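Quick one: structure below, then a few questions.
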Amino acid sequence: LVGCGESNTPAAEGDSEGEGASSEVAGTLVGGGASSQEAAMTAWTDGFTSVAPDAQVNYASVGSGGGRDGFLGGEYDFAGSDAAMSDEEWESSKEICGPEGAFHVPSYISPVAVAFNVEGIDDTLNLDADTIASIFAGEVTSWDDEAIAEHNPDIELPSTPITVVHRADDSGTTENFVDYLATASDVWDYEVSGEWPGEIAAESAQQTSGVVGLTSDTDGAITYADASQIGDLGTVAVQVGEEYVEYSPEAASQAVASSSPVEGQASNNMAYELDRRTEESGAYPVVLVSYHIFCNEYPDQETADLAVAFGEYVLSEDGQATAEAAAGNAPISEDLRSGAMESLSAITVAE
Amino acid sequence: MSKRVDAVDLNVYYGDFLAVEGINMSIDARAVTAFIGPSGCGKTTFLRSLNRMHEVLPGARVKGELLLDGEDIYAPGVDPVTVRTQVGMVFQRPNPFPTMSLRENVLAGYKLNGARLSRSESDDIVESALSSANLWTEVKDRLDKPGSGLSGGQQQRLCIARTIAVKPDVILMDEPCSALDPISTLAIEDLIGELQRDYTVIIVTHNMQQAARVSQKTAFFNIAGTGKPGKLIEYDDTTSIFNTPKEKSTEDYVSGRFG
Amino acid sequence: MSKRVDAVDLNVYYGDFLAVEGINMSIDARAVTAFIGPSGCGKTTFLRSLNRMHEVLPGARVKGELLLDGEDIYAPGVDPVTVRTQVGMVFQRPNPFPTMSLRENVLAGYKLNGARLSRSESDDIVESALSSANLWTEVKDRLDKPGSGLSGGQQQRLCIARTIAVKPDVILMDEPCSALDPISTLAIEDLIGELQRDYTVIIVTHNMQQAARVSQKTAFFNIAGTGKPGKLIEYDDTTSIFNTPKEKSTEDYVSGRFG
Amino acid sequence: MTQTPTPTSVQSPSGPPQLSEGNRRRSSLTQNTLPSWLWMALLAAAVVIGAALSALLGFNLATWFIFTAVIYVASSYFITRTRVNRRRATDALWTNLIYLAFALALMPLVSVIWSVSSVGIQGLTEPGFLNSEMQGVTGLVDEQSQTEGTPVLGGIRHAMIGSLLITLAATAISVPIGLMTSIYLVEYSRGGPLSRAITFFVDVMTGIPSIVAGLFAGAAMAWFLSVFSSVTGLLSTQRSTLGITAAIALSVLMVPVVVRTTEEMLRVVPNELREASYALGVRKWRTILKVVLPTAISGIASGVTLAIARVIGETAPILVTAGFVVNTNWNLFQGWMTALPVYIFRQFQNPTSPNFSDPSEQRAWAAALVLILIVMGLNLFARLIATLFAPKQAGR
Amino acid sequence: MSSSLTQSDKRGVAGDRVFSALTVSAGVLILLTLAFVVLFLAANSRDAVYQEDQGGWIIGAFLEYAYPLVIGTLVASLIAIVLAAPVAVGVALYISHYAPPRWSKSIGYVIDLLAAIPSVVYGAWGMSFLGPELIPVYNWLHENLGFLPFFAGDPSQTGRTIFTAGIVLGVMILPIITSVCREIFIQTPKLHEEAALALGATRWEMIKMSVFPFARAGIISGIMLGLGRALGETMAVALVLSPGMLTASLISNGNSTIPAEIALGFPEAPPGSERQAQLIAIGLVLFIITLLVNMTARWIVSRHKEFSGAN
C-alpha cells in the first residue's frame, strides 16, 4: 500500500507495516554520520533492500560531525547524527536543500546507562545527579563513600576505589551525558560538549564498545554508555523527583515526550531540547536522541523518493523492530513516529 | 675513424683546486700517444677531460679549448654524450657492471643504448672484443656468470673489451696493463698496435718500456710540488723523449731505473 | 717479529670452484718472497688465504693446513682476528676508508688496539708511515682531507702506509706497485727491502724485474686452462727461477719479453 | 684437518691471546682460548639464576628473560675481559647485544601474530569468509551465531578487492612520482634550492597524520570535480567519495617513504658504475634506468614494500574518502569502496551486533590475518622482482 | 657516428630532456601537493586562532590547548625512537653481518612482517594485550623509581599510558628503520670491509670502521622515516592511549598526541565550528614540528658531507 513511486508526495501516513509492502524506488542513497548508528543502520539498510529490492543504501560511519560535514558539503544524501544541527549549520544547509533547509527526524532514542563493574554490587545502584556528577568529576573516589551509601542503605558497599571510564573520542553520548550532569546537578561546572572535560584525570577508551570493554575488565570502574550495549554491567537508577528510575525504552521515550522541540529551523524539524530536570514520574532523563537529517528539497526525483522511502522504512514499525532486534535500540513511540512520517512527507524535488 | 685531438690552454679544476694547468698539445690521429709522469701529476685528470668525463664529478670543471678534429668539445651546444661515443675510455680501476653477466658487460655499449642486436651479431661482437682483449679463452665457458667474479687482471681486460666493442674514434686508456701479467700485457700491446691503424689511442702508463714500445709520441707531465698544478713538461716523439729529452726533469724521470 | 709460513696441501675454493690446488710451500721469515704467474692463476686467492681474508667472501673456503711458525691458522679455535693482526695485507685495488681523513686512515689500525696516542705520538706514526710509503711530501698539507680525493697511485701508497703502521709480522702485498710511477715504485721497493729485515714479506707482482730485484725467493703459479685450478709450478731461489728454471713453463713465462 | 670457515666464523666468541702494547710476543694463536662449552655452561647458569631471581619477584617469563639476558651478557663480557682482553670483550658484548636485539624484535612479532592468528584462523576457516560479502549480515545473524553456534556468516571479499584496488592505484601514483623525485635528487640536482626544498618537504611529509591526508584528498577531489564540472559541464553529479580519492590520500602518505628510501639506495650506488656507463657513450637517462636502478633495485623494492605496508593498513583516511559499503565495487571512479582496515576497525569498534560481538571480533581478527598475508605476498613479490634484477653475487 | 659534435642523436637528446623534465616535474608535483596541503590546513584552521565574537585573535587560547598535545606527541615519539632505533640498527646488523648468510634473507623477511601488520591491529594488540601486561611493570616502576617525575603519578590500572603507546609506536617503526638500515648495510663495499678486517679488526670494529661511516646518512634517514611515522601515527595511538590532560608521569593515564586527538575529535566535530578548526590547526602544528625535527636531522647529516660513502 505504500505507493511512493513516482509522486513526490509520498502517501503512506503512519502505518506502513513493512511486511509485504514493496516499494518501487531504485538507485543508491548515500549517507554518513554517527558511528553509534552503525549496527542499526546495518539492519535498516539490509531490511530496506527486502522492501525495495532495487534500492541500496550506503552508510559511512564517519561520526556525527563528519556526517553533517559531508551532508552539508553535498557528499551525503542524509546524515545520521547524535546531535542536532546548530542554527548556523541549518543556515548553510539551505545551499543544498533549498529555502527550507534540512530537518531532523528522530531515528531512535537511547537511554544512556550509567554502568559499573564492582565486585560485590550485583544490584542496581540508586544515585542522584549530584552524586553521579561527583563520581565522574573524581571527587568521590571510593565505592563505600558516604554519598553513595546514603542512597543505598540496603547494599553492602565494598571499599574498591572508583575508576572513571569515559569516551576518548568526542561523542554524542558524552555530550548528552555531560549535559545531563550540568543541568540536573549542582556540582558539575565543566563546559558541555562532545569532548570529555580535559581537566578530569580518568581512564578512557574509544567508542561505546571500548568503554564497555574497559569497564568490564576493570574492577571498580564506572562509565556511561548507550544502554543497548552495556552487556552484563550493573546500572544506576537515577533519582527523578522522589523516585529512582531505571533506564528503559519507555522511560526514555517519556523523557523525550516531556521535552520541547527546537524552534527556529525548518517547519517540519523534529529536533528536541531535552529536559534533564524533568520531575515527571517514570521519565529517565539521561537520554540521547539520534537523528536522521534529510533535505527538504532534493535535486532529483530519484533521490527524493529514495530518501522518503528509506526514512519511512526506518520509522516504520518493521524498521524499528528490526533495529531493536539486531542492535538493541529502543524503538520510538507511536506519537513520535507519526509526527516524523509527516515531516518526511514534506520532502520535494527542486525545480 | 680516427680523430686528431688538440688541447689549447687547458686548465682542469677540482672545485677551486687547479689540478692541471695550461696544457697545449696536439695529438695525432692514427697514432699511439703515451702520457707518463709521477703519481698525482694529473694524467688521469687530463685524460678524463678529453672525453668530458671530468665534469661528472661535482665541482669539477675545465677551462680552455679541446678540439676534436678541430671542433671544440667544450663549445656550448656540444653534447657530452656525442663526445663520449666518439672518445672511449678504460679506467684506472676496473669497473665491470655488477648487475650484468660477462656477456652483457661486453655488449653494454650497445645494450645500454637500446640497440637491437641479433643473437649472432652479438655473439660475434662478444667473441671478437674478448679475443682482442685476450680474455676469450679464459671466460668463454662462463659468459653468463657475473662480471665481478673475475680476478683483477681479468676484470681489467673485460673493461678493455667493453670499450673497444663500441669502436670509438679515440680510445683513452688509463694504465690498462697495470694489473696484467706479461702475457696479457703483450696481448694488450698487440691490440693497441692494431687499434692504432684505425683509431687514435692515448694511454697513460707508468711503464717506460711500454711507452717506448707502443707509442709514437710521448707526453711527460710533472708537478712542481704538493698543491701545485700538474703541467705538461715535454711532448715529443717517443724516441726523442727517451733518448734526447730537452728538459732536465724529463731526463731524470725517464732515466729512472724502473718500468 | 717475523714468522715463517708453511702451506701444506692447501686447496682454496670459491663455492664449488677449486681456484687453487695442492699448494705445498714453505716461506722464509725475514725474507721477501715473490708470487708470479699469469692473470687468473690464483695468486690473489692464495695470498688472501694466508691471512684468512679469503673466507670473508660468501661460500669461499679453504682446505689444508697453513702454518704460521708451526701453528695452523685454520685450526679450530683460532681467531681470524688474531691471524690478521699478525698478517697484514695490501690489496690489489686500493681501498682507503672514504669517510676517514688521510690521517685517520693511517692510524686506523693503531686505533684498534685502543692505544691512547698523544698528538705527538700519532703525528710521529703518521709521518713515519707516510714517509716510508713515499707519500708524506705529497699529502702532508692535507692530512685532514678525505682519503678518496687522491690519485690512484696515492691511494695505493696510503694503503701501504696504513698496513705498515701497525707493524704486523707478515706483510702480504698484492701488486703494490701496479699503479705507481717509477719513483714511487723505487721508494716502495726500498721500503720492502727495509721491511725484510724485521718482517716476512710476500708480494704478488707482474713485474719480473721487480721480482728479481726485491725477492729472495720466487714462486711461479700457473693454470692449465680455463676452469682448471691454479697450481704452484715452481718455487725456488729467485736467481734460480729467473736463470735456471727447472720447469719448461716457468722458463717460458720468465723469458717473456715484458715486465 | 679441515675447516670450512664461513663469514660467521670471522669472529668466534672464543678469544685467542692478544698483544699488549709493549710485548708483542705471542706463543700461540690459540693461547687463552676460551673453550666453547664455557658459553653453553654460562648460558645454562644464566637461565637458572635468572629463573631464581625472577621467582623472587613472583615468577614471570619477562623477568626471567631479562635476568637471563643481563646475566649472560654481563658475565660473558667480564669473563672475556679478564681472561682474554678488552677488545675481544667489547666484540663479544656487541655480538651478544645484537643477538639480543634480534630476539627482542621477535617478541612483539610473535606476540602480535599470536594475537591475530589465535582468533583469526578460526575466522578464516568459516565457510565463505574470503568469498562472500557483508550484504545481509545483520546483528540478528550474529546473535544466532553466538548463541546458537551457527556458522559465522559474512566475509571480506568486497574489502579485499577494495583494499587491493585502492592500494594498487596508490602505488601506481606514488611509485613513479617517488622514484622520479629521488632520481632527480640523486642524479640531477646539484644541491640547488629546488632539490633542497624537495628533500626538506618530503621529510616533512613523512609526518602528516593519515587522517589529515584523507581530509585533504577529499577536499582536493571535491574542488577538482567542481572546477571540472563548471568548466566542462560534465560530471556535475559526481561525488568525491571514490576509491581513487582514497588512493590519492594514500599516495600523500606513500610518496615520502618511497622518496626517502629510494634516495638512500640510489646514493650508495658507486659512481664508478655511472662513469663506466657514461664512458661508453650511454645517455644519462639510460644509465639511470639500466645501470643505477638495477644496482639499487633490491633496496628500492624494500622501500616500496615498506611504503605499501605503511598505507595498506590505514583506516581513517580511507573511511573518509572512500566510504564504507557491504558489497563489492570494482570501479575506482564510481561509488564507494570498503578497504580491509576500515572493515577491521568497524568490526572491532562497532560490532554488527553490539551485544553479541564475538562474531564481529572473529571476523576482524581473520581479516587482519588476511591483510597481513596480503602484505607478505606483496613483499615476496617485490623480493622476487628484486632478485631478478639484483647484482649478481660474488666479487670483492 | 655523427660527423659533428653538435649534431647528436636527436631522439637520444630528447630522451634525456624528457626524462630529466619528468624527474623535475615529479619533484615539483610533490612540492605543489605539499603546498596545497599546507594551504588546506591553514585555510581551515583560521577559526582556531581568530574568533570575531571572542575579540579577534585567540592565539593564546589556542596555544594553551595545543602545547600539551605537542609535548605528548614528542614524548610518545621520543620513547618510540629511543626504544626502536638501537634495536632496529641491531637487527639490521644481525641480518647483514651476523646471521648465517643462508638465512639472512628469510630473517629479513620475517622482520618485514612487522611492517605488514596494520596499525589497527597494533592498536588492538596494545590495548588488549600489551597494556594489561605492563600494569605490574608500572606498579613496580612507581614503587621503586617513584622519585623520578616520569614515574611519579599513580600508575595506570589499565596500562593505557603514553609509555605503552610509545612502546607500540616503537614496535611499529622498528621494521621501517631496520629495512632501510639493512639495505644500506648490505651495500657497504666489500673493499672497505676487507680493509678493516685486514688490519686485524674484530667484527664489531669492522662495523664501526667501515659499515657505520658508510651507512651514516642512511641510518639517519631510516630513523627520520620512523620518527615521521611515529609522529603521524593515528589509529594505534588512539586505541592504545587513554588520553587526558598533560602529566609528567609516563605511567599514569593522561597525555595525548596530536594525531590521536584529531582522530578522536574530528568525527564528531561540528562542521565549520571552532572545534573543527582547532583540530586542523593542530595538524598544522604537527607539520611544523616535523619540519623542525627534520631540519635538525638534515643538519647533522650535512655536516659530514665531504666524507661521503660512494666513491
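Read from first to last, the chains carry the letters A, B, C, D and E; within each, the first residue is number 1.
Assume a residue touches a chain if its C-beta (ideal position, glycine included) is under 8 Å from a C-beta of that chain, and two chains touch if they have at least 3 such contacts.
In UniProt terms, the chains line up like this: B, C = Phosphate transport system ATP-binding protein; D = Phosphate transport system permease protein PstA; E = Phosphate transport system permease protein.
On a predicted model such as this, the values are computed, not experimentally measured, just so you know.
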item	value
Partner chains shared by chain A and chain E (touch criterion as defined above)	D
Chains linked by the largest number of contacting C-beta pairs	D-E
Chain B-chain C separation of Cα centroids, rounded to whole Å	28
Chain B and chain D: spacing of chain centres that average the CA atoms, whole Å	47
Cα-centroid distance, chain A relative to chain D, in whole angstrom	40
Rounded Å distance, chain D centre to chain E centre (Cα mean)	13
Residue list for chain E, restricted to those that touch at least two other chains	12, 16, 101, 189-191, 194, 197, 202, 205, 214, 263, 266, 309, 311
Overlap residues in chain B, where contacts from two or more other chains coincide	81-82, 85-86, 93, 113, 149-150
Where chain D touches two or more other chains, by residue	6-7, 10-11, 87-88, 91, 270-272, 283-284, 286, 348, 393-396
Residue ranges of chain B in contact with chain C within the complex	14, 36-40, 44, 92-94, 137-142, 149-154, 157, 175, 178-186, 206, 208-210, 225-227, 253, 256-259
Interfacial residue positions of chain E with respect to chain D in the complex	12, 15-16, 18-20, 22-31, 33-34, 36-37, 40-41, 86-91, 93-94, 98-101, 105, 107, 109-122, 124-125, 128-130, 133, 171, 174-176, 178-180, 182-184, 186-187, 189-191, 194, 197, 202-205, 207, 214, 217-218, 221-222, 224-225, 227-229, 231-235, 258-259, 262-263, 266, 280, 283, 286-287, 289-291, 293-295, 297-298, 309-311
Residue ranges of chain E in contact with chain C within the complex	101, 189-202, 205, 209-210, 213-214, 216, 304, 306-309, 311
Residue ranges of chain C in contact with chain E within the complex	51, 53, 56-58, 80-82, 84-86, 88-89, 91, 93, 95-101, 108-109, 112, 145-146, 148, 159, 162-163, 166, 168
For the chain D and chain B complex, residues of the former touching the latter	190, 270-284, 286-287, 290-291, 294-295, 389-396
